[in-house]
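In what follows, structures are represented as C-alpha cells.
Each of the two complexes below includes subunit A, the first together with subunit B, the second together with subunit C.
Up next, the complex of A and B:
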C-alpha cells in the first residue's frame, strides 16, 4: 500500500500522514484501479442527479437524514424510560428491533450503507470533536476489527441474556450507552475510531454494504492524479474529510465507508460520485486486505445470523437443558456465553482455519502468508450467504410486525393526551405481507445468497494462469462450509418459530 | 484538552443526565391496579396452552371470597417480542363473578396476558400473567 503510493503517480508527501499508515485504509487492494471513469465510466451517479444529487451534496445534506433519525433515537430513549414496559406496545422496542433491523437490510439492497449515512450517534460525536483539542490517535494495535468482533459478540450475548428485545428500558439504556461511547471516543481521539474500529452496528453495516448497488467512486482519475490538496480525505476549509480516512481514488469497496458524503462535499473539483456498480463485485472479484480480523468478521457475521435465528427455535432449549444438567452450568449467562462464543466465533473461525488448511495442503500451494492469505481470499464469498440469512431473519420480523408501529404511536399520542391519529389504537395492524408468503421468501433469500456465494467462491478459485483443478480443490472445503451453513439455516427457519420462550430467557 | 472545553463537555454530560432523569421520572396516563384486594383466578383450556383456539376464564372474588359481579373486563395478549399483533378480546360474564373469552394463540412462545377493566364499584383492575404457549 505505501509502496504503491510512493511508486505511483501520486505525490505521497502531499497526502496526510495518517493516510500513509497502512493500517488505516481497509479498502486498499494491491493494484487499485485509479478512476472507474477511465475503466468504462460510471453508469449512474446518484450525486449528480438533478434534485437528489444537489440535496445530498449540500453542506448540511447529511443532516436531512440525521435529524429524523436523531428524533427517532430521542423517542426511543424517552419512550423506553417512560413508556409501557411491554415490548410490542413501546416504540423503543418496536423501532429498534423491528424497524431498524428490517430497514437497514432493505437499505443495503436499494442504496448502500444508508443507516451509517443518517446515523444519529455521529451528531453528538461531531459536537465532541469540535469541543476537543486534537488528542492522540487511536492506538495502532487497535486499528483492526477485533474490537468490532468483540462488540458484536457482546451485544448479541447481552441481547439474549438480558432479554433486551423484551425490555423498552434496556433498549433505551443501550441507545444511551451508544451515544455516550460515540461521544467519548470522539472527544479523546483525533480521527473517528468509533465508526471504524468499535461500533458493532457499523461492523455489520460495513460488511453487508458489500452487496449494495452504489459505491463512492471518482468521476475522473486524471483529476485525482493532479489534485494537490486531497481534500476528500484531508478536508477543506468548510468541510471535514473522510472520517474513516478513506482516499476516494483508492476506494474499491464499501468497507469502512459510512456514506457520509463528506468526500464529495470537500472535493473542490466535484469529482466524487456515488456510482452504480455490480452488487456482487465485492464478494466475487475484489481482493480484500489480508487481515485475520477483517476476514473473520465477515465469516463470523454469517454464522451470527444463524445463531441469532437459532435462539428463537425449540432445539435451543434442549441444548440449554443439556448444558444445565449435563455440564452443570447453572448460570444462564454462562450457558448463553458458551453457546455464543462457540457458535459465533470459535466454530466459524475453526472452520475457516480448517478450510484454508485443507485447501492449502490439497493444492500444495504456499501463499506468502499461508492460511491468512487463503482465508482473506475466500472470506468475502460469505457475504451473500450471510446477507441471505440475516434478510430471512430480520425480514421476518419486519414482515410480521412492520405496521405495528402505527398503533404503538397512536397509543403514545393518546397517552400524552393527543387524539390526532384516532381515539383508539388499531392493534389489528401488524403484518406487512401475508404470513404465508414469509417462509417461501425466507427460503428464497437464503438460497439466493447461497448461489451467489458459490459463484463468488468459484470466481475466486478459478483464476487465469492457474489449473482449474487446483482452484477447484482449493475451493471445495469453503464450499462445504457454506453448504453446511445454508443447510443448518434452512433447518432452523423450517422449525416453528417461537417468539422467545420464557424458559430460555427467564422472563 | 483545554480546561474550558473539558468544562463544556462535562456540562453537556450533566445536562444530558438531568434531561434523562426528568424523562425517567415522568409517568404517563396509566391508572394502574386500584383493586389489589381482589382475588383473580385464571383458567385456560387447553392447559398447557398450545397454538390454536383456547377458552379463557377469569374468576373474581373479593377479600371475603364472594364472587364479584358486574365487572367490565377486557383481555390483551402480547408476545414478549416487539412487532407482534396482540390478541384482544372482551370478557363476558357467564356466571356470577366468572368472565370468559375465546382466544386464538397465533404463535408459540412467551406471552404476557393483561386483564384490564372496571369493577362494579368503579375501581380499575389491572393484572398481568405470564404464559408459555407450546407449538
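Up next, the complex of A and C:
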C-alpha cells in the first residue's frame, strides 16, 4: 500500500497511524524555500551557526561525536576485562562512574541531551536496524515508560548490591550487556524501542534534558504545513527519520528526543533548528501528556537521586543492619531491593497519588482523568529539584575526582609499555575545583532546584478564571512533597559520601 | 509490630535530621592513594587514606605491603600508623593497623582521627622478618562540613512559606482588582 500524508493541519495520532499503516512511504520533491525572515522567531539556532552548524547537519555529523565515545566505550570494556581490578586505577570505573555521570549532567545545562547525541550504543544498533527488514513493531502495550522505570530500578539496585562502581570487570560487563541489548532490540523491531522505551540512561537523559537551553524546533511553521513528505519523521532516501518517531512541528519538549539531528538532515527544506529556549519552560508551563508512567518516571527519578546518594552515606549501613537483625532479612540483595523499591518507587508513587488525591478533594475538582490529570499537571515540577539533587551528587564525584583520569591513563599506557605521558602516574591529581567550594555548590544546586520547582508548581497551579487560593489548595500537597524531598536531600548531603571510582576500593 | 513501626519512624526521623559527619571505618567517605608502591626498606608500600577529603575526627589509613624483591604481599607484619600535627596544636596519635579493620583482607588499616584541622604528618612503620621499613606523607585535615540543622530545615520551610504568602498576596490582589471593576 502506498500512502501519502497530506499537508495542512497535523495531528500526532494521524501521523503515527499513517506511519504504522504505510508499507511504502513516498516523499514529495516539491521544495518550498525558506526566507530568512521566517526563521526570525528563533532566538539562536545552533544548527545555522557557521562551522558548528554545518558540521552538525552533515550526513555523518553525528559520527564525529559517536566515534570518540565508541572508542571510550571499547576502552571501558577492554580495560575493565584486562586492567587492574582496582576501581580508582582503572579507566572503566573512572570513566563510567566519575566522568560519564559528571559530564552528562553538565551537558544538560549547556546544551541538552548531549550523551544521547553521541551515544555509542546506537552505532552497532544502526547495523542491526538494517538487518531488521522484517522486524515487527514494538508491542503497543509496552509503548510507555514502565520498562524504563523498571530498568532504572534494576540498575540502581544492581549498582549498590554488586558494588559495580568498585568493579572494573562488572562495569565492563554492564557496558557489553548494553551493547548486546540495544543490538538485539533493533534487530527484532523496526523502530528504535531501545532508546524510547527501554534504555535507563535514555530515560534519565530525556527527563533532565527538560532543563536544557536547546530544543528541536521548526524554523518556519508554514513550510511544515505545506510539507507532504514529512521526512523529519519518515526519513528521506539517504537519511533515516526520527528514531523515536517525533514529528518536528509538534515537538514541544525534549522528552524522547535523542538530539541525533536526523530530522535536520532529512528535512529537504532545511527547516529544522536546534533553537534556544527558556530552560524552565518545560517544568513550569508546558502541558505534558497525561500518562501515569511518564509522570511517575519524573517523580521517581527525583527520589532516586535522593536514594542513590543515601546509598553512599553511613546511615544506610545502619538501616541495612537493622533490617538484618530486626526483620531477619539476611540477604543483602533482598534488603537493598526492599530499600530501593520502597524509596525509589513505592514511596514516591504513594506520595504522588496522595498529593493528587488531597489536591482533588480540597478543591472539589473533578478533572476528566482524575488523579492522572493532576499528577501529570504537577509531575514536571519535580524536574528542577531532581536535577539539583543529581547535580549535587554527580557533580561532587566529578569535582573530587575529575582529574584522576590523567594518572589512570598514565598507568594504562605504562602497563602497555608506553611512557609517552610520563614514567610515573601522578596520583596527586584528582580534584577539579578547590575542595572547600564543593559543599556550598552542592547546597546551592539543591536549593536552586528547589526554588525553581516551587516556581514551577506555582505556575502550574495558577489558571485563568480560578481563584489563586484554589490553586494553592490543589498545589500545596505537591509543594510539601518537594519540601520533604529537599529536607532529606540536605540531610544526606550533610553526611560524608563514599567516593565512587576515585582512588578507592569497594568495601 | 508496633515496636518495629516505632523503630522505623525513629530511624526516618533521625535520617531526616542533619547529622554531623560520623564516618565509621575505611570506605565511608572515599579513598585516595597517597603512596603507590613506595620503596621503604625491604618493602614497597601502598598507602590509601579515607575519607576524601579527610576531616577532623575522621581519618583512616590502609597499607598494602609488598616484598620489594618478589612483589609478594606481606601479611605477617607489625604495622604502626602515627599522626603528628605540623606547626599547630594537636594531639599526636599512634595506632597499630590490623587486617580486621582493612576492607581488603591482605592489607592493614587503622583509624587515626586527628583532633584539630591543619597539616599533619602521617608516618607508617612496618616490621617483619624481612626487616624494618618507614614512610611518611603530609595530610591536610579539613573541618567538618555542614550548613547546620537550623539552616537545613529553615531554608526549605522558608521557601514553602514564601510560596503560600505569594498565593495569599495574589488572592488579595485579584479580589481588589475585581472590586475596582
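Rule of thumb we're sticking to: the second predicted complex is superposed on the first by the 457 of 507 C-alpha atoms of A that agree within 3 Å, B and C clash if a C-alpha of one lies under 4 Å from a C-alpha of the other, contacts with A are read in each partner's own complex, and residues count from 1 in each chain.
Simple rule for what comes next: a residue touches a chain if its C-beta (ideal position, glycine included) is under 8 Å from a C-beta of that chain, and two chains touch if they have at least 3 such contacts.
This one's a predicted model, so the numbers in the text were calculated from it and none came from an experiment.
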Fit or clash between subunit C and subunit B when superposed on subunit A: clash
Which of subunit B and subunit C A:491 touches, first, second, both or neither: second
First (subunit B), second (subunit C), both or neither touched by A:427: both
Touching partner for A:110 - first (subunit B), second (subunit C), both, neither: neither
Partner chain in contact with A:84 - subunit B first, subunit C second, else both or neither: first
Partner chain(s) touched by A:454 [first = subunit B, second = subunit C, both, neither]: second
Subunit B versus subunit C as contact partner of A:315, first or second or both or neither: second
Which of subunit B and subunit C A:439 touches, first, second, both or neither: second
Partner chain(s) touched by A:402 [first = subunit B, second = subunit C, both, neither]: first
Doubly contacted subunit A residues - partners subunit C and subunit B: 88-89, 314, 400, 427, 430, 496-499, 502-503, 505, 507
Of subunit B, residues touching subunit A in the complex: 1-2, 5, 8-9, 12-13, 20, 23-24, 26-30, 51, 76, 78-86, 88, 107-110, 112, 114, 130, 132, 135
For the subunit C and subunit A complex, residues of the former touching the latter: 4, 7, 11, 14-19, 21-34, 36, 48, 50-53, 55, 58, 103-104, 142, 145-147, 152-153, 155-157, 159-160, 162-164, 166-168, 170-171, 174
Footprint of subunit B on subunit A - complex, ascending: 77-78, 81-84, 86-90, 93-94, 96-98, 127-128, 131-133, 135, 163, 165-166, 176, 180, 187-188, 314, 397-398, 400-402, 404, 415-417, 427-431, 496-503, 505, 507
Contact footprint of subunit C on subunit A as seen in their complex: 88-89, 310, 313-315, 317-319, 322, 326-327, 400, 425, 427, 430, 435-436, 439, 443, 447, 450-451, 454, 457-458, 461-462, 467-469, 471-472, 476, 479-480, 483-484, 486-488, 490-492, 494-499, 502-507
